[in-house]
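Shared between the two complexes below is subunit A, which pairs with subunit B and subunit C, respectively.
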Partner chain A sequence: MATAVMTSLDTKSPAASRGMSDIRIRNLFIIPTILFLIVFNIFPLIYSLGYSFTDFRASSNAPANFVGLRNYRELLNDPFIWANFAITAKYVIISVSGQVIVGFGTAMLLNRDIPLKGLLTTLLLLPMMLSMAVVGLFWKLLYDPSFGIINYALGLGSFEWLSNPDMALYAVAITDIWMWSPFVMLLSLAGLSAVPKHLYEAAAIDRAGPFYTFFRITLPLVAPILMIAIIFRTMEAFKTFDLAYILTSQPTTEVISIRLYKMAFQEWQTGRSCALAYIVLIMVLAITNIYVKYLNKVKER
Partner chain B sequence: MRKTITGLLAGVGLMWACGTSAQAQELTIFWAEWDPANYLQELVNEYEAQTGVKVTVETTPWADFQTKAFTEFNSKGSAYDMVVGDSQWIGAASESGHYVDLTDFFNKHKLTEVMAPATVKYYSEYPSNSGKYWSIPAEGDAVGWSYRKDWFEDPKEMQAFKAKYGYDLAPPKTWAEMRDIAEFFHRPDEKRYGIAIYTDNSYDGLVMGVENAIFSYGGELGDYQSYKVDGIVNSEKNVKALEMYRELYGFTPPGWAKTFFVENNQAITENLAAMSMNYFAFFPALVNEASNPNAKVTGFFANPAGPNGDQFAALGGQGISVVSYSDNQEEAMKFLEWFIKDETQKRWAELGGYTASAKVLESPEFQNATPYNKAFYETMFKVKDFWATPEYAELLIQMNQRIYPFVTAGQGTAKDALDALAADWNATFAKYGRNK
Partner chain C sequence: MAHIELKGITKNFGDHTALQNMNLDIADGEFFVLLGQTGAGKTTTLRLIAGLEKPTAGQIFIDGRDVASWGAAERDVALVLQQYSLYPRYTVRENLEFPLKSPIRRVEPAEIKERVDRVARTLRIEHLLDRKTDRLSGGEMQRVSIGRAIVRKPRVFLMDEPLSALDAKLREALRTELKNLQMNLGATFLFVTHDQIEAMSMGDKIGVLNNGNLVQTGTPHEIYNNPVNTFVAGSVGSPPMNLIDGTIAGGEAVSDDGYRLPFANGHAIVTDGRPLTFGIRPEDLQLESGGAGKATVHDVENHGVAKIVTLRTGEKFIRATVPAQAVLRIEEKVRFSWNPEKVVLFDSRTGVSLRHAS
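Up next, the complex of A and B:
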């Protein structure tokens, strides 16, 4: 079946002259990738599942003892872990919805004939090309209450963005929105430019208002590609580590991956942190599944 | 063909021979990235000049020093021959066999007499009072305070202070005086603030800061031998000390919620605060006019006493240990023999390192070398430290989790925070079977 889809090898090509068949070339390309995936992804994944049922600590030479579901039970009963999950959920909602609003809004603005559109789009994409750590470090300076430019520009005096426990998570989310809205914008722009012009013409003839046109034509047609952007951003936001870690150390910004890092590499509770990693994995899978189901539904319409 | 193979083999053999001979002449010491590590590099360059053995001090930022060191230990890696490890690592590193037992070396050279007693107790010995030693005190360090002499000695300020508080404005002798002075200089309208303290909860910054208050208030974190914490970590004294720390937080510059040694030195160099807590190891930068425009008007004092006259400070600093997985242990031991010599220790102090050698510390030469060496000398004989058990990292994170919201956001009460901490620590000790 697969071979039928593949284009046959050109008989005059150097590969064919060396007596290589289509299948052989296919294997040559695919097997290293699969091996790489098995060694670096699948194997550790399964191995760590085993560890999650033990009290193993990588920092000691003591053998790992099987403890059954104790790690999972204790983690799910730990109020601090639940607080970390609540913070993560709040962060994902604020950050992803912010990115969708800003990103889609910018795409709508750019989706028309304006001078220097290409240059403008490229410039808007810059934030997402920067390293997370660099973005974190310079936003820390921007937010600084004594000399930060944000307070100066907004006339906020010495407003404490990062050391105010109620504000810190929003500050991290704003940084994330600044960085990743361009990603949503890029995908939305692709979706918007694919909407057939004649639909708008027909709507204009029927004297449909701008809101009606947006909700009945633009949004439904862009929805599938927007959903893909949302899936990517949700998964990423769920795993956020660098930004939150660099910007602030408030307990109100301790997202689940920071807790996981501390448990695994500061406390060296290897077994327990494997269990936590699995809990996070299951949650991400569940959320992604819901999205994918919804995406398929949107596509069917 | 045969020629090629022979040539290849010869090449490989030659490389192998060169590789091993080069290895024997080289030692790597792992430490955190800070000024003392640069001073150590200068010191070991002299060792190379004398013996021909090249010693490299490899560094990494403080934030991932622990992680990087233990990752290397856990994989039994031989990248580092020696490590200048933090005092609280000693339990984890000795019980897991990462450090070479230096007890014989210690006894042979009578290091318990050569080095200041507190440094031996906290940097070298584990378990406490066991007579087993795992490291040689290398960089003695403790928390002290810097202050703005020009602000303190301004006649107008002195007059106003006396009128308000009824006593003379001078470097504080007690925590209560320190609170008054912080309050007095706290003037957000003038962009001047009272005090800079440690608040960073990502490693041991905040905990060290709070320890300064707790130890001087006469409190303890627990009984380090029996692992009893109830009624000790949540004692009345500790509650009062934590409340004081929270009160001082109210006189810090804005945004002072993730601050450690860098920010606390900035508080002095950037004219932000009247007084600033920091390790002595960071004071050389404050007397250097290149790094501190206020160098001439910066003064220093030891951690003040508590209400009952107790006066202690949180211990920093590190001992140097030989890594069990090193291929050059013999060479490393030779290096340590050189390192503990009196003249090496003296040179170490001259270069800016904080020697733990009692003889050097006591010499007037050392005490008069800088404006803060005397305060350092006094402090090094009254220091206390955090738990050094293998699970210290969990204890540290639990303490951060409980006290940070109270100190920086005033959530709950000091009593609740410390009661909850006692419960957390009991649970952790029970998990590892410590408090049998």
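Up next, the complex of A and C:
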């Protein structure tokens, strides 16, 4: 099958004149990538699976002892870990739904003939291109209770965004929404502009109102691509680390990856943190799978 | 049902003038066909009537009321487009229900079902009702899109080349169906096409558009037999009307290629010596041994019921329809004559028919 998909090498090409065959060129491109993947992704993945069944500590020279499923058992019975998961879930829901609302809304606004549309779209995409650490640092300044511009602009006085335990998670989510709504917007815009204009005209002639048109035509046609955006953002939000870590150190913002980081590199419980990483991995896989199933259903309809 | 009137409609897109001072009157219950080449302004006319575009100048009346301020929904017209515009991801039934289910309309569910079923029966798509629209063939899609128009009982049907994307056989079948449908519904139809056969066979009236100008309106008979200018003469009929340049001298038509044909000048116009164009339909040209015109057979097309012969006279080509039994060889020398009654005179310079000019 693979050979059927591959096109044959042009016999007059420089590569062919050097005596290279199709197969050789294929290997030349693919083998380094696969090697890289094995060394940096697959090997650590399997190696950490092994560690997750031991009491290994990377900070000591003590040999690793096999402890069976003890790490998993203790982790899953630890109420603090569950609290971290609950925080993460809350964060994912707030942040992703915020991004979808803002991103899709902006896309709806941009999906028409307006002057400077290209420039506007590019400018709106800028937050997405910044580094997480930079975004975290300057939003920390924006949120600052005494000189932050947010309090000044909203007239909130010295409202504590980040040191207020009830507000901190929302503050992180708002930053994340600001940064990643453009991503949802970009994908939605692609979906929206793919809806043929004549369908809207047909709907107008059929006397469909704007809401009816939106729910019966626009949304079903954009749904698949919107689902892809949601999958990506959920996965990313689930493993958020940098933003939350930089912005605040409240216990209420200790999402699972921060817990994992602390466990691995501050408490040096290497074996246990490997087990936790696996639990997170399985959860992300499970959630993604649910989405993908749903995506396929949406596509079929 | 409705009566449509366009008064002095002009539509510009930027520098481009799509329609120029167009006046059109479509009677209630009439099947009106707009005929024109691509870019002649046919679709623009439809979109203006449907309310999808606003005219640069002029007024549109539906049932005597100026509809300038009405949106597409309020005008209550149905538009069938060339690209079908079925709503994807829905079944045929859902597509047909769409215009009825709109909250603006409030149709009872029982009535929706009844109307959808009736339309499906009329268009013979009952067996497709539960199928997704992307699993339909072109002809089936077009029927569904026509069905979606009928189900609403609109005041006017606007059809934008609905048949042009279909294959020849299906086109013929749907042509008959559409015409029957229009007669059964008694509805006003405005049908746009570039296909003169569709125009001739379906229209109660035809409007010929050329570059945004409405050149002539009339019954198919008028358009065919009495074209207002050489453009109409050349665009209606298959093959089109022969246009022969020449003059009139001594009661005879003298072609620029040298042959003379009898001509009874029924017009009360002095035409002697003036450069003219003689328009003659291929079926009004006869090949006969005693004919006054001399020509060489250039090409013979067999159409089954008849043969179309291309004759070479000097530099020019003219076409004649001959019975299918006629035996003709390429390069054979033949003589021809015409039916003098049927000749239409055009002014060579302006291309306007002398009958219409006078």
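Assume the second predicted complex is superposed on the first by the 301 of 301 C-alpha atoms of A that agree within 3 Å, B and C clash if a C-alpha of one lies under 4 Å from a C-alpha of the other, contacts with A are read in each partner's own complex, and residues count from 1 in each chain.
Keep this in mind: contacts are C-beta pairs under 8 Å (C-beta built on N, C-alpha and C of every residue); 3 or more make two chains touch, one makes a residue touch a chain.
Only a predicted model underlies this, so the values are computations on that prediction, with no experimental measurement involved.
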Sharing subunit A, do subunit B and subunit C clash or fit in the superposition?
fit
Give one of first, second, both or neither to describe whether A:248 is in contact with subunit B, with subunit C, with both, or with none.
first
Answer with first, second, both or neither: which of subunit B and subunit C does A:212 touch in the superposed model?
second
Is A:201 in contact with subunit B, with subunit C, with both, or with neither (first, second, both, neither)?
second
First (subunit B), second (subunit C), both or neither: which does A:220 touch?
second
First (subunit B), second (subunit C), both or neither touched by A:61:
first
Dominant contact partner of subunit A by residue count, subunit C or subunit B:
B
For the superposed arrangement, tell me the lowest C-alpha distance between subunit B and subunit C in Å.
52
Flag every residue of subunit C that touches subunit A in the complex, lowest number first.
50-52, 71-73, 76-79, 81, 83, 85, 87-89, 98-99, 102-105, 148, 152
Of all residues in subunit A, those that touch subunit C in their complex:
196, 198-199, 201-209, 212, 216-217, 220-221, 301
For a test of understanding, state which residues of subunit A touch subunit B in their complex under the given definition.
58-61, 80, 144-146, 158, 160-163, 165, 248-251, 262, 265-269
Residue set of subunit B touching subunit A in the complex reads 66-67, 70-71, 73-74, 92, 95-97, 188, 191, 200-203, 253-258, 272, 390-391, 393-394, 397, 401, 404-405, 408-409, 411
